[in-house]
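Some notes on the structure that comes next.
To keep things simple, chains are lettered A, B and C as they appear, and every chain counts its residues starting from 1.
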Amino acid sequence: MPDYGFGDYLQFVLSGLSTGSIYALVALGIVIIYSVTGIINLAQGEYTMLGAMFAVTFYKWGLPLPLAFAASVIVVILIGMLIERLTVKPVRSASPVTLIIITVGVSIIIRGVALLIWGATPYSLPEFTPGAPLTLFGAILSRQRLWIMGVTALVLALLYYLLERTLLGKALRACAINQTAASFMGVSPGQMSLLSFALSAALGAVAGIVIAPLTLVSYNMGLMLGLKGFVAAVIGGLVSAPGAVIGGLLLGVIESLSAGLISSGMKDAIAFLALFVVLLWRAEEVTPRLRSLLRRQSEVEG
Amino acid sequence: MAILQIEKISKQFGGVAALKDVSLDVEEHRITALIGPNGAGKTTLFNIVAGTFPPTAGAVRLAGQLLNGMQAHERVQLGIGRTFQNALLFDNMTVLENVMVGCHPRSHTGIVACGLRLPAMRREEEFIYLEAMKYLNLVGLGLHTDELASNLPFGQQRLVAIARSLAAEPRLLLLDEPAAGLNALEKMDLIDLVRRIQEMGVTVLLVEHDMTLVMQLAEWIAVLDAGRKIAEGTPAEIRRNRQVIAAYLGEEEA
Amino acid sequence: MNIGRFWHRAPNVFGLILFAIFLAITPLWVQSNYLLSTAIFIGIAAILTLGLALLMGYAGQISLGHAAFYAMGAYTSAILTVKFAYSPWLAMALGVLITGTLAYLIGKVIFRLSGHYLALATLALGVIVFLALGEFRGLTGGPSGLPGVPQLTIGGFSFDNDVKYYYLVWAVFWLLLAFSLNVVNSRIGRALRAIHASEIAAESVGVDASRFKLRVLVLSAVYASLAGSLYVHYMRFVSPQPFDFNASVRLVVMAAVGGLASVWGAPFGAAAVILLTVLLRDTLPFFIKNASGEHTVIVYGVILVLIMIFMPEGLTSGLLKRRRWPSFRSKK
């Protein structure tokens, strides 16, 4: 193993945090849809691909980068809403298995259509502010990575404001807690479902666009990002927005460290092993035997 | 001897206290009724005894054995059977199959023996079939075996549910509002059925709103109101109890 | 034995006999080698689909990484026979054992959680196994694969042509179908259907829901492992590519098309999807220039979504009426 100094570790952590920001955004999208509708949306990764693809396309058409960014997010939001109306609304009361399969089907369709439109050759998007990388305590960080973290922070702030401070956010949260009760209060679960898809599409698109300059943009980039988003969401508990963010950042750092310290080939596998560890831990948490053991313990004491 | 001991059970649902410090002993072989206005916590108490969810505090014992922490299916093995207020049959299965599932705790063939239809499995299937038929005949539904459970009228669905629980040969049977929606004739049949169940050696604890039925059937009555046990005694005692009368009058006025 | 109850089983018994006759005579009129080899692939896929249909339809759980179990069987057979010169049959048995154990361990953890974590866990398993197949070159041969897998033989008899292999694969499928039908029509099948209808009610009559879900998961993994072994001994070669995420999705499509309400749908789902793939591969380039195999997945996606929206019980049972018994029984 090479001899790493503080700068190298800082480097791993910082680049891990920036990749983790992407996972956090994807995970947030998953958590929002899951809390509001109960659907495990396996098509979430495709929004990142669409966001990146449309941004590249608009940029190629000659739109300035910020405009291409905005236009892409809007288009992806519309696509997310369209998907909700076409595939989720007709089957609101279907079984979870049915709903999961539908989202798998949707992701295949999106990927296939993207292949038809954009082909298999990867595209690239320029960095938002090109220039030499920055150095910080011996760690080298590209400017785009700062953009990623900055944009993620901004999006999180906006999301927090939307969920906590606006009436719409309250309605959304009410729906996440109890659909029936929310509908008594005049909140329409159908509309909230639509809103949740719009929001997560936006989050996914933003994630895809900010990471695009660092990776190549191709029709199948969404699959892995979506899966990583899932791992992050599950680490965070699947229903908690702060949990999703922490899960995403944690996953990014773990990956970056293991790529640096173990092998970059195993990086992806480690992310999924992390999922197993989390599931194991959560399962133990609810193990009845453990619970009864604890209870017996307290009975002895009390 | 008390077959079921409910000790200081409390249950919180979020902010709602559905049960507060409820204790109750159910004597073996005696038909005990649990009564109380809607929302008093009767079904919640059943769920806690049956292990559907854990209590916030308190303990449940069956024949002295502590049940806390045991899952619902484990409690069935120990002899607790129950029916649900809304029958909760397996809608995708026939009446006979519903009751055959009830024999589950008394059968043991594994997946391999089932897949190969080994002789032991065939024998057990035959046994399960005969047992299921026995209990279907007991509740008077021997002629409806092949109907889809969801196609039966509601009153009969509840009888299927009783047969389904009995097929596990419980020591204690919890019946949640078995008479709701039955006509006078069917109620008489039900009284007869519960008595026969008692004669089979099963202890019955039932929740029921129909006071005439309760007074005819129950040998001991406990009264819940707003999550608390407000009285307990023989039917004659309960009939005279002022608190009980007030609780019920209160409900009628509301 | 009670006559009425014999008639309950009769459709399955007659169905199995008719199906066996159909399978037996098919090679007599299918002369093309290409079709026969397609029929072999359909048979292998049908074995996989059968397990998945049990898992989805009866345990109400979904595996999005079933290709991992398939791969475990395939690679156990390939590695043990090629690198360690094991007997193919012993390797196959060990594959079943290893795969079944892995499924057991996963299910043991997952089914303690309520909700649909199995989909996520198997999805992760699929990715991990696929990555590992490419990564551990020493054992698996990496992305370029492992050639030289021996033929299957029994005594002096060798399954060395497509007709013989066709009969082998479909005989295995037929046996597994019979086994599955027996399971479905036993206390275990009833318990599973009960769990599907209402987990609370099933628990209230003593059915341990997570235990039965676990058993079905293991059973379906065992089927997948067997299919994997049959696959490598037919191809005589193995590489990671047939076990990617798309493969897992294709299996879910087969199960969904075949229908989740009956194990009879499995061969139809497998046949429909494979024949459609062949058809698309041959015709799609006429409609879309440069169309590749990847484009055909759009069609899967559309089929999957449409079936789940309009016929969540699957195509076979959506088309045939959902009556389980012959219609001489009156229905009020």
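Throughout what follows, a residue touches a chain if its C-beta (ideal position, glycine included) is under 8 Å from a C-beta of that chain, and two chains touch if they have at least 3 such contacts.
All values reported here derive from a predicted model rather than from experimental measurement.
Q: Computing the C-alpha centre of each chain, which chain sits at the greatest distance from chain A?
A: Centre of mass proxy via C-alpha means gives B as farthest from chain A.
Q: Identify the chain whose mean C-alpha position lies nearest to the mean of all protein C-alpha atoms shown.
A: Answer by centroid distance: C.
Q: What whole-number Å value describes the gap between the mean CA coordinates of chain B and chain C?
A: 41
Q: Centroid of chain A to centroid of chain C, CA atoms only: how many Å?
A: Each chain's C-alpha centroid was found; their separation is 32 Å.
Q: Can you compute the centre-to-centre distance for chain A and chain B, using the mean CA position of each chain? Integer Å is fine.
A: Chain centres of chain A and chain B, defined by C-alpha means, are spaced 47 Å apart.
Q: Residues of chain B that contact two or more other chains, please.
A: 71
Q: If you look only at chain B, which of its residues touch chain C in the complex?
A: Contact set of chain B toward chain C: 50-52, 71-74, 76-77, 81-82, 84, 88-93, 97, 100-105, 107, 109-111, 114-117, 121, 124-126, 128-129, 146-148, 151, 164-165, 167-168.
Q: Could you please specify the touching residues of chain A with respect to chain C in the complex?
A: 40, 42, 87, 90-91, 94-98, 100-102, 104-109, 111-113, 115-116, 119-120, 223, 227, 230-231, 234, 238, 265-266, 268-269, 272-273, 275-276, 279-280, 282-283, 286-287
Q: Taking the touch rule as given, give the residues of chain C at its contact with chain B in the complex, in rising order.
A: Counting only chain C, the residues touching chain B are 1-2, 4-5, 179-180, 182-183, 186-191, 193-194, 196-198, 200-209, 215, 219, 325, 329, 331-332.
Q: Report the residues of chain C in contact with chain A in the complex, numbered from low to high.
A: Going through chain C, the ones touching chain A are 56, 60-62, 64, 109-110, 112-113, 115-117, 119-121, 123-125, 127-128, 131-132, 135, 245, 249, 252, 256, 260, 288, 290, 292, 294-295, 297-298, 300-305, 308-309, 312.
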